[in-house]
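What follows is a set of structures for review.
Next come two complexes built around chain A: one with chain B, the other with chain C.
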Partner chain A sequence: MHIKTDDYTIRYEPESATAFFQGLLRLDGMEAYQPVMDILLNAIESASSFTINLRDLEFLNSSGISMLSMFVVKARDKGTVNLVFQGSEKILWQTKSLKNLQRLMPSLKLEFV
Partner chain B sequence: MTQTSVIQTFGDFTQQIPSSQEYLTLHFSPSAAARKRRWGNYGLSADFLGDYFAAFFPGDELPDSKINQRDTVKATVSYIANELLENAVKYNDDSTGLPVSISLHLYEHQIIFHVVNFATPAIAEQYQAFIRVLLSADLDEFYMTQLEKTAMGGGGSSMGVLTMMNDYAAQFGWQFQTIESMPNVVKVDVMAYLNV
Partner chain C sequence: MAEASPVEAQQNVSVAEVEYLRLEVARLQRTNCDLEIAVQTITEHGDAVEAELHQTNQQLQTEIAERRLAQSTLQNIFETVSRDKADLELILKATAEHGDTVEYQLYTRAVETMIQSEELFRAISESTPILMILTQTLDGAIVYANSISSQRFGIDPQALIGHHLKEFFANPNDSEVLWALFEQQGSVRNHEMKIRTIAEGTIWVSASVHSMMLAGQQTLLTTLYDISDRKLAEEALHQSQTQLRQQAQVLEQRVEQRTAALATAEEKYRKIFEDAAEGIFQTTVPGQYLNVNPALAEMYGYDSPADLIASITDIGAQLYVQPRRREELLAFVRQLESVTVCESEVYRKDGSVIWISENMHAVRDDDGTLLHYEGSVRDITDRKSTEEELRRQRLKSERLLLNVLPQAIAERLKRGQKIIADSFTEATVLFADLVGFTELSTRISPTELVELLNSVFSKFDHLADHHRLEKIKTIGDAYMVVAGLPVPRADHVRAIADIAIDMQREIAKIKVHDGRPLSLRIGIHTGPVVAGVIGIRRFTYDLWGDTVNVASRMESQGEPERTQVTEAVYHRLKNGYNFERRGAVAIKGKGDMITYWLLDKKG
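Right, the complex of A and B next:
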């Protein structure tokens, strides 16, 4: 399961239960993020833990942040999945905005490198 | 011919932007190309503005950060310019044929972003209602309330403005102007101030 365009790639790796985000993501509103959301929701269908690796995602617009927050709340309400976000201290939006997602789901683990 | 107009301002709005050595304005004509194609151009423009203004800053290390000053300015300008443009375009009334514009003015310790679009009176009214709530709320609390609302599927939560204010510490001012000769058009001026 993956999406690849000139600007970004999203790739789900079932063996490690990890979704890798790369590039620049600024889609036109939350509706445009539905295919991305579908990949994430599919991944937590049966998994007990799930990792989102954002370390190569240089840009995410606020609609994308909203999409991630929606996913976090869905995972929280499901109540059975351990969620990990992997970020980079060298990418500004991650240092600014990821910690707020943790406030939606206190058990969400943030791993910065 | 003299024209009368009705003006409302909110927040920290500067009528006369002080002159600066370095400034840039980009205009976007609303009907020049398909929306999908244009959308890509806003991102490219935001990145260009980030690169352009970052070049005026040194690559000095910043305390408590692994990102140097130049790269911090680049990423911040690019984020803010992109969000401001996305909002301006989203709430623009393309039928006026009037362009959306974004200007950046550089000062020694500040960058001022000025964005103009033209909206229908109904859209402008909705925007003003949001601003009134925003300005009377505790920012951090309002941010989390709106993030939760967005997460539950409630649209129109304006996370763009909230992330710019809360995560990037941008200050805002707004002006809504109705011109008598065009009663169905409201000129919306948004100013964002970023300390650098």
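Right, the complex of A and C next:
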């Protein structure tokens, strides 16, 4: 399960239950993010914990952060998943926006390097 | 009612009262009845109302329950909506903040990029050797000029602003030409023209003009690239082309001169060819002469070159003594392109044979096709006969040397060894002396004596050859021979015993002219010796050592017709030969020695 283009790569690794986001992600509107959302929702169907690694994701547009927010809400409502976001201190948007995701789901864990 | 007396009144009162009471009863009875009806009615009505109320009450209860349910549902919806609202608010906040962050970052980056590109532009424009000038229109005033422009034009950058570009054109017409080109194509590329500079005067430049929008205004960027070097190079090229043409003419003249010189040289070489002492020839591939010089004709005994060319039509068959010699030579030439100093025997015209040494090579055209053969010939007959003589002389002297020395020793001397002294642990030495020879010399002439000695020693020489022994020398009438050197052999004692027996037998056959027989006294000893060649003149191969001395004593203290041997010899041979013990003999320098007479071979 992965998506790869010139700009970005999204790869789900079932063994570690981790999704890796890399590159520049700027899809046009929420509909365009549906396939990404599907991968994430699919991943939490079966797993009890799930990690999203954004350390190599340099850019994410507003539609992207909306999609991640909605995903967090859905994961919270499901109530059975331990969600972890891994981010990088070096990427400005991650240091600001990932904290807001935690406000949607206080049990969400943030890991920065 | 009418007015009544007091009794009557009273009566009247009573009646009235009764009547009243009766009326009252009746009214009460009616009332009672009404009441009963009313009660019944009321009861009935109450029952109905009660039933109705109960029903209503029931309805109310249901409604209340429904209300409660609706209220709780509404409460749930309200909660969900509130949470969703909170979520959405958060998402909105997250998205907005995210947007702000990204926007901030992009903006910062864009500004950085702009600053960088501005710096880049400045770096380029200030470091490039190309003049870069911005004007509003082509004939308009300058709004920007890079520092190289101000250097070239000799005006401060700030002062340059406001000047017109065409002021610096060497030919004012170029302004119109550029404008016309720009109008036509929308831009100008590499228009070559001249500008005036402060330091170098008028120089050639390549001018390009591009239009762009700058701060909302159409601006023209004019670049001027100094191509004076290229122009100079072009000029130089032009000059060198002219020079080359001149040189080509000179060369042509020289070729003509050289052609004339070649003709002279050819004439010269023709003379050399004619006058050479060596024979020179050209032949066809199959084997006919194309050209020969007089020297060759003379060498082969022909009257003239023409005579030689006409007479020999097949060189291979007619010239060489050895059949197929020409094929052999040509095989080498084909492989090596040329051969040198090939010696062959050839027939002259008169049939006599001479030795020649010839060089020959193949002549090919540019494609490598074989045209013909060329070569030179020398008569080496004299040298050949000298060489042959030399070879004969060398063989003879080698034979002579072998007479004096064993071959192995001769080889070592030839290789340059000065002194040879080899030690042999085992050799057997024989001395033979002709008995009464001194006395004989008084009776016959010296010539006869030498002839006699020669015939005897020649016989001994043959015997020595037969037994493969090394004759050492003759001393007067004594003969010395050795076995076991220079090449060691195991049967050296037996070989000497055999020759001793043979020598005694041979000497017995020889009679001198007065019929008296010759007799021989032989002595043999075996042991270690040193053999070698010493001295520098008339050297011979000789032996030294005690073994030699003892052998000599065995001979000198022996008896005629007998062979005396030492005990050492006896012990080596007693199984194969018959001996007679002589007993102890006093030997000079040795004291008493047991000796034996060798008789003959057993069996």
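What we mean here is this: the second predicted complex is superposed on the first by the 113 of 113 C-alpha atoms of A that agree within 3 Å, B and C clash if a C-alpha of one lies under 4 Å from a C-alpha of the other, contacts with A are read in each partner's own complex, and residues count from 1 in each chain.
In the analysis below, contacts are C-beta pairs under 8 Å (C-beta built on N, C-alpha and C of every residue); 3 or more make two chains touch, one makes a residue touch a chain.
Computed from a prediction, not measured in an experiment: that's the story for all the values here.
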Query = Overlaying on chain A: chain B and chain C, fit or clash?
reply = clash
Key: Contacts of A:V73 with chain B and chain C, given as first, second, both or neither   = both
Task = In the three-chain superposition, say which chain, chain B or chain C, touches more residues of chain A.
result = B
Request  = Quick one: classify A:E89 as touching chain B (first), chain C (second), both or neither.
outcome  = first
Inquiry  = Once chain A of both complexes is superposed, is A:R103 in touch with chain B (first), chain C (second), both, or neither?
reply    = both
Task = Report for A:L24: first if it touches chain B alone, second if chain C alone, otherwise both or neither.
result = first
Query = After superposing on chain A, which stretch of chain C overlaps chain B: 6-14, 24-32, 96-104 or 348-356?
reply = 96-104
Request  = Would you tell me the residues on chain A in contact with chain B in one complex that are also in contact with chain C in the other?
outcome  = 59, 61-62, 65-66, 69-70, 73, 92-93, 96-97, 100, 103-104
Message = Taking the touch rule as given, give the residues of chain C at its contact with chain A in the complex, in rising order.
response = 87, 90-91, 93-95, 97-99, 101-102, 104-105
Touching residues on chain A, where the partner in the complex is chain B = 7, 24, 26, 28-30, 59, 61-63, 65-66, 69-70, 72-73, 89-93, 95-97, 100, 103-104
Inquiry  = Help me check something: in the complex, which residues belonging to chain A touch chain C?
reply    = 59-62, 65-66, 69-70, 73, 92-93, 96-97, 100-101, 103-104
Remark   = Per the touch rule, the chain B residues reaching chain A in their complex are 35-36, 39-40, 43, 65-67, 71-72, 75-76, 78-79, 82-83, 86, 90, 143-144, 147-148, 150-153, 155, 157, 159-160, 162-163, 166-168
